[in-house]
Structure formats: structure tokens, C-alpha cells
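Next come two complexes built around subunit A: one with subunit B, the other with subunit C.
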Partner chain A sequence: MTALLKSLLIIAATLMASVTHAVAADQQPVLRGTGNLGIIVERTTGSLVIFDATERRMISRVEGLGDLSHASAVFSPDERYAFIFGRDGGLTKVDLLTSSIVHRVMQAGNSIGGAISDDGTLVAVANYEPGGIKVFDTATLAEVADIPATWTGGRSKTIGLEDAPGRRFLFSLWDAGETWIADFSKGNTPQITKLTGMGDRPYDALVTSDGRYYVAGLFGEDGLTVVDLWQSPLTPRRILRGYGNGETKLPVYKMPHLESWALAGNRFVLPAIGRHELLWVDARTFEETNRTAVYGQPVFAVAGPDGRNVWVNFAHPLNDTIQVVDSLTGSIVKQWKPGPAVLHIEFAPRGHDVWVSVRDANVVQVYDAYTFEKKAEIAANSPSGIFLTARAHRMGL
Partner chain B sequence: MRDGLHHILGLATAFLLASIGAALADSSEEAREQKLERLVRQDCGSCHGMTFKGGLGPDIRAERMAGFTPSAIAAVILDGVPGTPMPPWRGLLSEEDALWIAEYLRKGGR
Partner chain C sequence: MTALLKSLLIIAATLMASVTHAVAADQQPVLRGTGNLGIIVERTTGSLVIFDATERRMISRVEGLGDLSHASAVFSPDERYAFIFGRDGGLTKVDLLTSSIVHRVMQAGNSIGGAISDDGTLVAVANYEPGGIKVFDTATLAEVADIPATWTGGRSKTIGLEDAPGRRFLFSLWDAGETWIADFSKGNTPQITKLTGMGDRPYDALVTSDGRYYVAGLFGEDGLTVVDLWQSPLTPRRILRGYGNGETKLPVYKMPHLESWALAGNRFVLPAIGRHELLWVDARTFEETNRTAVYGQPVFAVAGPDGRNVWVNFAHPLNDTIQVVDSLTGSIVKQWKPGPAVLHIEFAPRGHDVWVSVRDANVVQVYDAYTFEKKAEIAANSPSGIFLTARAHRMGL
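And then the complex of A and B:
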């Protein structure tokens, strides 16, 4: 009798729990903030995992975003909406609170990333095909401007699209070796400034987190080009010229990324290309200070928000490893293999946790930034980019 | 009678061993193809797009690749295109691997 009563009670309790859960999930969403949310790009299934970064657990999945190989994201200033740039030219606005797609446009054939303006009103996408950038209203995704990257050779692929203070976007022309500034400060018809002579095939760029410098990496020559946005006229300046010492480049099986998280103490850390090295430059003079020999072709070299350590991942076939480099000494303090195909590294905004995607293990791992202890895992299908909403309040991301 | 049974048992064992062997060979060939397929989609895909529509590197979908011979494609894969981001894969991929990938690209799949 008591046994029967017990099991009836358990059944009733389970039923009630599931009913309460359903109500909570579908009808009356629990009030919550979004400052500790993040998204994981699932590159092969065209979906996103929305997760809670404090509890380190998945909240929901959003599907139907198209080809997300090489996808990236920016966030609205209220940290409620994510704008996802797909490889196939899709631009999708996702509501993180309701886990739903708000707007979606196919704006080009082939894209490589984007940026959001400082005031949060414009979102821009860099396109390979047709080469150029397009700019959209963040509220509606209605097109605001179309800027074809026309040069003497036709239309150039565009890369390194970054936001800069004063409702400006900067981007570079891979084929033309130029950097253009689209200035929307006077309204939605941009003033375009073209800087020539940036160098042979800029492949990616960053804007420093103070919004002052635009730094473009070059594929076709040993060096990078920096533009000081505080100066007038704007003048490209080559740095780290000849860092390869005339030696034959090693094959690059994946292009490195330049990230605004490059400031480590009073130096910037930059991945070399065709060399298994990190290059350190003085943050004021941009002179080289030293180098760190690393395990493979670095892809991301990400400094924590305190600049203490730099976490590095590598190109195929050495992409199973992470190295952590001490920014004071430039020496490697930790090295391990999280698993096959480590694609992305994201620090928590206060720097205590580090999120790492391991594509071929179908998992995102969370590490303690200081003890390197693994704290949690979140399952995800072929995870690549990890983006925390706190990016909303950083320049150049 | 006993001999007959032995004979049958022997045959059965031989058959079993043979089929296990074939299955092993099959599964190692299958494993190799899966590995190559993942490499092409994911790692070539980082420049050519996961669907091969192009990215920093050009469109390498079947419609374009069908116009090249498998050995020409394999040569590009193994030696790369010097002076461009297309890296040489020799050392990471064998000639057979490169030819398998060339056929894969020409067919647009397995």
C-alpha cells in the first residue's frame, strides 16, 4: 500500500515538474539578464548553441542559419541580439532570450565576417563574392549602404572589417592592398577614404581595444601595416618588415586571425605567417621586442583581459594542441592537447574562465584560466566560434 | 561422420576468418575515406568553403573540377600553387590520398 502510494506520488511529482518546466520554457520565460550568455557556432549543422557562462551549461539551440563554416558574431548594445555572419552570405539576427531568429537576409554569395558600429545602429558585412561590404540597419536588417570594393583589377575580396569610433568601419582589399574607411558619422551615406599601399594581400586585421590602431596582417610580404587613427592624414606604416629573415615560408594550412585581444601588458602579440612564431611588438612604438617559438602555425593568439597570459592554438595538422605563453617572459608555461581540431578560444570578460572549442570531439571545454584545470564541458556538433555577449561593449570585435 | 563434421567446422571457421578479414579491410578503407572526407570538408573547407563554393580560395565544386583530370588536380593538391595561399599537401597526404580527393572533388562527394 505504502509502496503504491509512493510510486503514485513520484509519478505525480514528475508530472508536475514537467508541467512547471513546460510553462517556464514556453509561456512565462523567467526574467533574466543576458550579460553572462554566449553562443557556440555549430559549423556543419548551421546551428547555434546558446549557453549560460556562469552555470556553464547549454540553454537552447537555434537552427536554420545556413552555412556557418567560418561564421562569426557581434552583439547589440543591450546584449540581447546576436548578429551572425555566415559563410554563404547569410546575415541572421538572433534573439538570445527567446532563442529565435528575428530577421535573416542573404546579402551576398560568400562572406567573411562583420562588425557593429559603436552606437549599435549599423551592422556591416565583408564579402568575398561579390567583393565589397554591405551595411544594414540593426533593427530591421534593411540595407543601408552597398560599397563595392572596386579597383583596377575588378572587384576585390574584402577582409579585416572592423568598427572604429565615430560610426566608422574599416576594411581591407585583399587583391588591391588597400584599406578603406567608411565613415557614417554624418548619416547613412558614408564618406569613403581609401588608403593605398597597405601591402601585398592583407589577409586579416584588428582594431586595438582603445580604437586607436588598425593593424593589417600581410600574406604576400613579411610584415604588417599599422594605421594610427588619431593622426591626420591617415598614413599606413609598415612594421616588423622582413620578420621572416628571407627564409622560406612554411606551408600555412589555415590562415591566422588577428584579434583585438592582442594587448598583453605593454606589448601586442601577433601570429607570424609561414613561421611557427609569435611576434611581440611594443604597444607604443610598434617596434619588435622579442619572439616566442611555438608548436605550429599559430591561428589565434588571445590575451586574457588582464593581459597576463596568451593562449594560442594552431593550424592543421597541429591543431590538437594549446600553448599558454607568459606575457612577461614570452615563455611557454603550459601545453596540452584538448583534443582533435581546437578551433577557437574565448576568455570570460573578467578572465577567470577560458572557453575552447574542440571540433572533432564535438565538445566545448571550459578551463580555469590560472590553474588550467578543466571545469566543465558542453556538447556541441562540430563547434567552431565561441562568442560571449560581453563583446558587445568592446571595440574592434 | 566425425570427419565430415570437422570438415564443415573447418570450412565455417575459414569462412568466418575470411569474412572478418574482409570486414577489417573494408572498415579500414572506410575509415581512411571518412578521414579524407572530413579533411576535405573541414580543412580544405577553411579556404574553399565547406561546400567548396569558395572563400579565400576559388570555387572547387564538381562543375568546375570536372574539367580537370584527376592527376592535374592531385598535382595542385600535392604541390600547392607557389606564391598563393594554396599550400603544398605533400608530406601530409600520399599520392593515392590526393587522387582520391581529386575524384571526390570531381564527383562532388563520395
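And then the complex of A and C:
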């Protein structure tokens, strides 16, 4: 072989390597916006489906997220990264553009959701075991703060973890009946404020979309507790006390979720615990205005951004049905059976599409919010939660 | 040269071409999320600055957008594309990831803003000359509909173009005192509904963030007109009639902007036209509750997503100042001079940062919403409007 030939072969080999690299680069995810992405939690396989909410189609699957049997998610402000809170204490940062796990930490033994700070720098997780919250840097998942929920009875399970304006997190202590505020506005060493007398066993909570009110549902008594975060001093106020009127409680098949409580017109609507009712509450006074009898024990009662209609799903064994309630009249305008085990309902940020997971049909359905026509389906393994990246821009989700 | 050598050279040349292509591909913009992007309108140079709102730094500049002396923007649902409405009738689609113009049409002689439909498929522009609106496909900017604002007096200037749920656009006819609804819910041939008796010369309008109310400001009389889009039939209702109480009107140096009217707690706050006052209006009854005396003629009165504080800028010659008003008490909590010609104020979607353009200092400043500390500056040529991509997920912006 001549020297020239040899040189050419080396050049060719080098170029081939470059091209191989270039081809690999071409297989990298395409340049795209992230504002219309979403994820579907596949609860039994510990995986996520990433989907395009405009084209209503699956993009990819990410596996290896552990126990997702009661999982939820928040998103970074750029809407590129999802932070997944698993039931097993796993906190996973997923890159939605490369469909890969960026970081993953096992931060507790048993967890129940989390929140991201308004500036996008801190992610917090509420833990049952050991009870308390932990706070992490969103860039690295390095631990920033560990806040044990210690009270006179030991360590309490924590629930109802929500973000509030000014780098604050609020959460409640199931065993202690307290709500704590962890304020990171001065840096990464939080100032802790403890509110006692929140009531018997707060089981979930919400922050209103303006960040003003923290509302905790109570498992141990008929009623809820609200804190107006604009007032000083902060004073828990019981609302809807005795909404069950001493009637025999039904067994609770599934705890309703409060985070999705909807502002519908001038009223909040919320699922009554253990009752086949929605409660309508004046958004200023927090007094009950009326009730709507529904098909079963409501789990989610979700309004779109227009607050016009409220979509409701139900606890087992009536969990094959959705009812849509008109928020002006409180009447039921539509009822149908999407399929077995309707677990979650998510509105598009401007409300035109509604995403519904039907676990035992292994499908997520997309409905027109106004005509109720089914527009599309995405196959998924035992889908539960559906989360659109648009949540990144909202408080209290 | 042997045949083998020749073949190798051809292979080498082919590979070299591939590598060159691959290198060009590497110079493409990096993979990134789009939820934290924003644009600054550079009004005198017909250009945009694209910036990263998390890192608070400029990414790139896009030129060639024509007359941007009164420009505004909306965004596609994926937050990748901006649609820029120029004063000269130019409608430009800009790719924020590649910093390039994708499409550009001169669709009228003189325009005044636009809107994007809730499903992201239609973009509409309000035109002074010839009066009416035009509607385009967001993918291609192909014309979908041309709706001349014809009334008994000829063709009216159109203003106050807003989106509403269900693929609808609302706009007002300056000369005719009418508001029209173009409903594209059944397809791309709109159903037009005309509301007469809106008042003397509507000059701007807003849709509330829930899409329920369309509110038009009136230039020709003291008052505004509201339409409740949830009621049938649609009935314009005059509010704040005679808020000037027959006092001598000040000359109006700059028309206030209504699109940014803020829901602050239970009240809307709005800039009084030609007066050194903010008007507070009950968000349910639309009755005036109180007023705040401010430094000059307000132009923008903008609340963050928490509605806690309202930031106000002023018309010439008092346009070097910002006042911040507490929405609970109506009192002024902060006042300072960012510099000459403060033109626009934009809150981060979760409210922690506030972006302020200071035209004659050629700078955009970023403030902490709670401490008022200046966090960063971005240089820009005569900056006016600042628009964050998070607007993609909200109605009426």
C-alpha cells in the first residue's frame, strides 16, 4: 500500500468517526418548544410517557422512577425539567427534551408530593416517614434544608406541601394539627413559622392561585381551615364547620384531592369528603353557598381556567364516570363513562382540551372542553396523573 | 491514479461534506426549554432582543420587523414562536430558538395589536386602516378570514382585540361604538355577533383572566362598558359612568393601556384616563370602591399573579417614575425613578421578578418584586414592550 493510500485511509477512518458522531448527534432530540409538553405517570411500571399536547401524541417513555403509585410532578420555569415525587421517597429530575433522568435521590422512606419555589431554585418534598420536609437545589438535587416535623408527640407525617410567593413553602402536620411555613426569602436557611390549632388531622391542602389563602382539609372533623397569608398575625380560621351535619359518614374509599380545587366564577368548588356532594364556597367569605349532589364520592373537582365548567371523577366503585357541572347553576350538564378507573383530569392551560386518564383501559383520552367530543387517545400503562408543563407558571400546583 | 485511490478520494470528499454539514448543525442553537424566554421590543430599530428570564441575560437580536413604534406580541402554545404586531400592519412570526423570522406579511396599512386563539391555531390582528380584523393560520400566516368593520359610517378603526375561550375573538369599532365577536368554533368561517351601544369611541379593551368579561374603555365619555360573556343574550352594561364628575379633563398625554388591568384581591384596578388616579372596581359588581391619587397620568397599572402590589408608570412628562400601590390598603408603598421614559412593566409568571423598560436609558431593568432591589439590567435600543413567553398560557393578553 502506498503512503498516500495509507494516509487517505486514515483520513477516511477519521472522517467516518466524525460522521458517526454526527449521526449520533442527529439522533439527539430535535429543537422544539417545551410549553406544550406533558407527562403521564405510569403507576405500575414506574415510568413516564412524555407527550406533545398540541399534536396529542406520545413522544417517548422514561423508565426507572421507582414506586409511582401516588406520584405527582412540578416543572422548572423553563418547562424543560420535571421533578417527580414518588411514593417511595424517590425524587427524580427528568429532562423532557432528552427523555432521560438527570438526577435521582432517595430522600425519605415514604413521600406524599412536593412543590417548587416561585423562583424555580428550590424543590421541596413532604414526607410521611421520617416525618418532615426536605428541600433540594433544583439544579443538582443537592440537599438545601431538612426540616423534621417534630412536635410533642414525636415526628409527624407531613402533607399539603404548597409553594407561596417569596420563596416560601407551607405544609401541614397530620398528627400535630399544625401548619408550618418555611421562608427561604433570606437565603437557604429557612425561617420557620408554626401555626397551631389547624384542626384534627389535616390530610391535604391547597394554596389559591393568587397565593393568598392556604386551605387545609380535615380528616378528623367536618370542616376545613383557612389561613389568609396577607394578614398579620397569621390566624387559622375554621370554615364549613360541621358540613356533614352529624350525618353518618360514608366509608371513605379515596381521599379527595384538594390541590385541584377550582375557582369557578365567584366560588370555590370542593369535593366533600365521604359524601356524594360538591360544596360551593364563596371565594371571599369562605361560607358555603350551595351544594351539588353528584354520582359518587368526588375525588377531583377541576375547573378550567375559565371556571365555567367543573369536571368531576369519583372514588371506587363508581370510578368509571365523569360528570361536568355548570358553575353558574350548579347543575350537571354532561355525564358519561370514559372507562374503568378514571383517575385524573387535567385542563390545557387555556382550557380548550381536557386530558383524562383511564387506568384500567390503559389509555389517556383528550376531550374538547366545550363539545365533549373525544379528540384523541394516547396509550399508556395504567396511567394515573397527567401533568402539563404549563403548571410551571402557576402557583399552588 | 489507481481506481482504488480515486474511490477513496471520492469517499473522503463525500465524508468531508457530511462533516461540514455536521459542523454547521453544531452551530445551530442549543437544546433548551422555552418557558423562560422573553422578548424586548426595540422600537426605533425595528428589532427584538430575545432574553433568558432565568439568567436575566440577552440571548440574541432579531432585526427586520418594520415599524415597531406601538408593537405587541403573543406566543404559540409551545412557547417557541412569537407573533409580533407592528404599527405598520406587519405581522411577523419569529422563532425564538433560532432567532430568525419564519414568516412575515404586511396585512394592513396601520395596526393596533392582536391576539391568538385558545387552541393556538389562529392569530388575529386589529387594523385601523383599512378598518377591520384579519385572521391568519399560525403555522403559515396564510389568511384565514378578513372581517371588514363596516358600519353605516363606512369602515371603522378596530381596537381592543382580545381572545376568548372557544376559538373566539372580540374587538371594538372606534367609530361605530360597537363590539363584534368572531366565533371560529365551528371552523374557519366565523360566525359574527355584533353588539351595538358600547359607548362613544371605545379606545382599548380587556378580557378578564377567566375569559368571562370583556371591558372596553371609552374615550368619548366618562365610563366603561362591560359585557358578561357567560350571559345570554349578551348585553353591554355601562360602568363607572361619570367617574370624572364633570371635572375639566386634563389633556391626555398617552392613552392608558387596559389589557394589563389587574385583578388585585377582590378588585380590579385601572388607570383613569386623563386623571392622576387609579380607580378600584369591585370584581363582581364592577362598582367603584375607591380611588388612589398617584403621581401622574397612569399608563400601565399592573399587578403580579398574587394581586398583592400594583406597579404603575406614567405619561410624559412624569414618565421617569414608578409607584407601587398596596392592593389591600390602596396606599403607595414605594416610589422611585428608574430613569427617563419608563414604558412598560412585565411580571414574571409567578411574580418574583418585575421587568421594566426604560427607553431613553436604553436599558431593561429587573427588580425583585418584594424587596424592590434591582437584580439585573439588559441593554436594549429604545426598549418599549417586554413580553414573556408565559403569556402563551393565559387568556386575554
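Observations, loosely collected:
The rule we apply is simple: the second predicted complex is superposed on the first by the 368 of 397 C-alpha atoms of A that agree within 3 Å, B and C clash if a C-alpha of one lies under 4 Å from a C-alpha of the other, contacts with A are read in each partner's own complex, and residues count from 1 in each chain.
In this section, a contact is a pair of C-beta atoms (placed from the backbone, for glycine too) under 8 Å apart; a residue touches a chain by one contact, two chains touch by 3 or more.
Computed from a predicted model, the values in this text were never measured in an experiment.
Residue contacts after overlaying the shared chain place A:Gly120 against subunit C, while subunit B stays out of touching range.
When the two structures are aligned on the shared chain, A:Arg43 is found in touch with subunit B, with no touch to subunit C.
When the two structures are aligned on the shared chain, A:Arg168 is found in touch with neither subunit B nor subunit C. After overlaying the two complexes on the shared chain, residue contacts for A:Asp210 are found with subunit C alone; subunit B is out of touch. Of the two partner chains placed by superposition, A:Arg155 touches none, neither subunit B nor subunit C.
With both structures placed on the common chain, the touch criterion links A:His344 to neither subunit B nor subunit C.
Contact with subunit B, but none with subunit C, is seen for A:Ile112 once the two complexes are overlaid on the shared chain.
Taken together, the two complexes place no residue of subunit A in contact with both subunit B and subunit C. Those residues of subunit C that touch subunit A in the shared complex are 4-5, 8-9, 11-12, 15-16, 18-19, 21-22, 25-26, 28-29, 31-36, 53-54, 75-81, 96-98, 118-120, 165-167, 185, 209-212, 230, 265-266, 284, 304-308, 328, 349-353, 369-370, 389-390, 392-395. Interface residues of subunit B, counted against subunit A in their complex, comprise 38-39, 41-43, 45-47, 49-51, 53-56, 80, 85, 87-88, 92.
Note for the complex: subunit A touches subunit B at residues 43-44, 67, 69-70, 87-88, 109-110, 112, 128-129, 157, 174, 203, 219, 251-255, 316-317, 341, 359-360, 382.
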